[in-house]
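Letters A, B, C and D mark the chains in the order given here, with residues in each chain numbered from 1 onward.
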């Protein structure tokens, strides 16, 4: 008799194929779920493989458009960056996948979900918190945290043996000496030879971006149009091509950004569970959007609103990184940020060249920039004498402080 | 009879030369003070000019080393960036100059200081707040805020006429159609043709950095060593040259950064007085240091300390931008940041190429990075089962929230 | 010929009566505007007086209900407290008055507004920033900052003389040796004998609250019901009286709070202009509401949302104190706070007695409090083993830190 | 053969007595450790009981002075309050106890520590994080999270039976229908009948403070002197008694505060593990100190430093509440706060009466309060005209914003 039905986040790779079979061994009915979030994958082959391995059902679903609109766009609005550098490509994809997984689990009356994430990483947390938030009664089976599983599969060799024994196709190409995670937004690389933080990344590691040394010797110039803080159109100024659907906009920025080697970083970051890990990321389209959005936002948003929103954006980034997309606090902050974007509208021109994004100019019907007010040549509606009073009043406190210090130093 | 002595922040240019003469006209004795903070200037010629125009005394002082050590280094420790992009090159120089100016004013028993900053900008504030903080009794003469001055000199033509009449040497080369401010840390460009935020910056504007299109086709690789969060040594790995004195380190980074076109930005920023202005900046050495420091800091600093310190760094940047270097709050925050840097120590390797800085690797005797702990291949002192409890407890709140929402949606 | 029309914020007192006459002397047409925001005033007499002094028109308007609903309620939602103690009674009233004043000025085509606030205080700023924000072209006449006015009226005696000369009725009762500002929310006392921060406040100073030594020896018990974070009903549990209209609710809380001596504080605060000042405040109803709202809010709001909202509330309080009610940032924060209050609903029981408010209990249909989950006697849907993993993972970072410290101390 | 030595945080009560015996049953040598942190306990009887139950050694240590100086004083400097109301009495005691426990464990070469805290509370976390931080290799035995223990002892009856069987003295007085935790700083009450958040607390619950209805009808007036932000002397002004040693100062404030019914609160708070719980606290001395410190701090500290420090104090409170006293972040913040207290010096006079603390006046040799500067009657070194410029410049941004809004509303 079956222990029940489990929806497995299936990747098509060796690990989750073994988990699929192992779950069946343990007495579960397994539904394989594979999300298309833009990774390079033969989805047809993956479906056949899962079916061959005994999956009760296989769901393969194209989530790319909703990944862009529901997850990447809010990150753009937030200028989401974790620890000043990481653009959260993996962290944003997890709740997108989990949401669909929960939908399937509920529809199929499955009480279990399972995944192949390791026990030291962030992804287990992002997956499971999303599942618990959306489906509180669900039970999670995380094999890499179950002693009988991880003691049995102590290394890749054990998995390979198990695979051969159970008719799981074994990869023919040798595994790269690092692991990677790919989606529409980025590819991340970690572990293996990258675990030594001093070692340089191999030159052939990057798959989404050209090496800037080999990238074109002339820039591309783009114009990105924003409305409510999200891009609504991108135009290649020289070629006059343009895209307007969210998925098209983002894919095109990836293409151009990748061509020019945009968005490579090598960092050590702090995982939620408190360990430092080294990661290498390439985020071509996301990097272009971050720079463009920062520009149009500062151009159109009040200075003091910007200060508060900057703090909220940092919080948002931490919530997303830690797996709390589906939480009251992330929901609250997202709402606040959306509110802040009402006037973030206009066009930014930029060039991309040899790994770098250069902002060239911007315009907006809603800008708070006032050319006459700021002009050095025109006085405008501004009395320079006012500045004297402004400075003198700001100095009141500083002069008092000095007085007291003088007193202290005399006394002591 | 003299109205008293005024120390004038003298640049050697047309504006402050006219101000020098005008102040004398008004009945003041004028001491000209010109700080060498790394700008490109013929200091000898400037001295002679000031003397010829009737300055009672002329002080020209090399503040470059103290600018690096007392102002740029704290900014490096803070990862100081204003509004996510501007590295504060001008804002950091102002209190350095003002400090010396106050020293001279006190020594020379001058009750007045004067400067040529405009009435719409930030520099007037930075100058004057520093002066008031260090010398509360001082009186400031800001001609560009005095109606009888600014009504008399309504444009460059008026200044030229005045100059000719008073034997002030008139510049022979035509003025660039923008204004610039240069020091060791950066050059900024603003106003004139740049006031239209949509116009692209002219290609020949930049003076400190090569155009990346013309920069070398092979990267330079640098190793920067930090102690207490400040660079103590920079080595060009291929050439085996290295620098260790603060001024030498920073100048060398400027040289290499400039050669590779590092640190150009074009932004619209919010001035303290509440208007938006467009500025273009090139900060080659500072940009390299920011990236390197971010790397070594995250590598060595505890995650939660980093979060708090990140917030303090943002505050620090605002204080500096607004002119509050010499304030109790900036002093307090600087002290906190210094405390945070005690273990920020180690070496960062990076390459610079075509306008971009790439971190390659890092090492530290004080890192909190634990290769064994984080390894995917070694369990180390870590029980993956703990993560299950960690996630379940973090989900308590999320599941409760869902329960309530369910209740609400049922009810409504 | 008239210089134009000025709307004067008229209080009926000596100062603004003199200002009214003085403005006429200067050639202005004067419209007197007196807002009823709950202060104790003979409005009919004030009208007659203003007319007699030559006001072109007199507007006396009852703003009490909108003061409660549009200004005090948002402050309740925010738990607005400045510098941990001051409940902002005066700061909240200023934008309410200014809004009406601007309405009148626009309707009457007046290009000027005027007020009797001093040049060292916060109120001038609150008034004027509100006016500039709502009516950017307006011009402000602030006599206490105009040398020809303040040099003429150097003390109360000068005002009295001027009054007598111009037929302005002179107060017969001697002025209290301090100044006060009263409205529906509070009375504040400052200056005069209170300027010495060491001197105790005279016992007879307070006008809105009973001395707790003389207040009733038995408590009143109230139940306050909240919806969306604002009180919708107050019931005196013993007496079974209840109020539901906003103005009635607030007035009743003032009455009961005043009877029991609630809400007296004596503080030194930091004014916006950078000086410290000593103020004494009594805020009976506001103090009760703050305590009750804090209780129901924590009962119903998610923990992490609360943390963020607490920070926003502190910012809100600073904006209000400094006079930025009508600003993009205050508007933004108010919107965020309103969003946070959606589930802040329920009833709080409390007793008021001898200057203190005691929360007794609370209930809510939307509480996140789960009696079964938290119970010591019931396990509920909670596995205590999870806590072990939670703690162990939280300790990962702490143990790493200790490891490094050990290393450091060995090394040094 | 023994499994090893465990140091048990022993309270002398039924629970930890049973745990002591149970640990022996499991094969451990048990060292009982009982900290005197000011709770009301017969320490001699507790020692005899532990010895009779088979403890290998018994350590009873008076930690009261270090509790005050090393834990309560930093909380006073921080104005430490969790979620706006809870003064952290229990949270501060835990690391104090754990520190001593670790010292004993290291000295006695014990590899285990154990405690009787429940699996749903905060104390288990506070205890264990402190232990792990100070003694990373230690192993924790938390019986209330071990199924074989908590399934065996499902209620008080099971414990009673076990006690009777093993010669553990059984309490003769019936247990109160709630649990409490007492130390020098406070007594907390929770669970049992208090779990219903609507139920009022029984009048006879409080043990540390008088019911204000029965407290004296005349106030006591105290003067508290601070240096570096901590109290160095308390004087009863009428009685002329005074205390200067930290433990004496705090005990005296407890005595006076308790006599006047100071410091009772009834709240629902958010535990670290994400559930809401209802707690009732009485913190007489701590409440007086909080109010007095807030007063002297604002009197002596620069306004902007205060703002930053307020944020750090909130963070500090969260760290302490959550059990992170011994963490890099808490250490960092404590250091920053200490720095902020350098000038927090002076005397505060206050009265305590019927549950309330009233600040009466303050003085300080280091105050930034400037009576002349702030005076309404003296102009001092202050030009009121400066305020006009200050306000106008602050309005620049607000007027621009209005201009844009006008544009928008016209357009839409």
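What we mean here is this: a contact is a pair of C-beta atoms (placed from the backbone, for glycine too) under 8 Å apart; a residue touches a chain by one contact, two chains touch by 3 or more.
It should be emphasised that the depicted structure is a prediction, and the values quoted were computed from it without experimental measurement.
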item	value
Fitted rotation between subunit A and its twin subunit D in degrees, CA, nearest 5	180
Result of counting contacting C-beta pairs for C-D and B-C, higher pair	C-D
Chain centre separation (subunit B, subunit C; CA means) in Å	40
Separation of subunit A from subunit C, taking each centre as the mean of its C-alpha atoms, in whole Å	43
Inter-chain centre distance, subunit C versus subunit D - centres from mean C-alpha coordinates, in Å	31
Sequence positions of subunit B contacting 2 or more other chains	273-275, 302-304, 307, 311, 324, 327-328, 367-368, 370, 373, 382, 385, 387-388, 390, 392-394, 396-398, 400-401, 403
In the complex, subunit A residues that touch subunit C	273-275, 302, 304-305, 307-309, 311-312, 315, 324, 327-329, 332-333, 335-336, 339-340, 393-394, 396-398, 400
Residues on subunit B engaged by subunit A in the complex (per definition of touch)	79, 83-85, 118-120, 124-125, 128-129, 132-134, 136, 140, 142, 144-145, 147, 150, 155, 179, 191-192, 195-201, 212-213, 217-219, 264-271, 273-278, 294-295, 298-299, 303, 306-307, 310-311, 314, 318, 323-324, 326-328, 349, 353-356, 358-363, 367-371, 373-377, 382, 384-385, 387-388, 390-392, 394-395, 397-399, 401-403
Residue numbers on subunit A that touch subunit D, as the complex places them	302-304, 343, 365-368, 370, 373, 382-383, 385-390, 392-394, 396-397, 400-401, 403-404, 407-408, 411
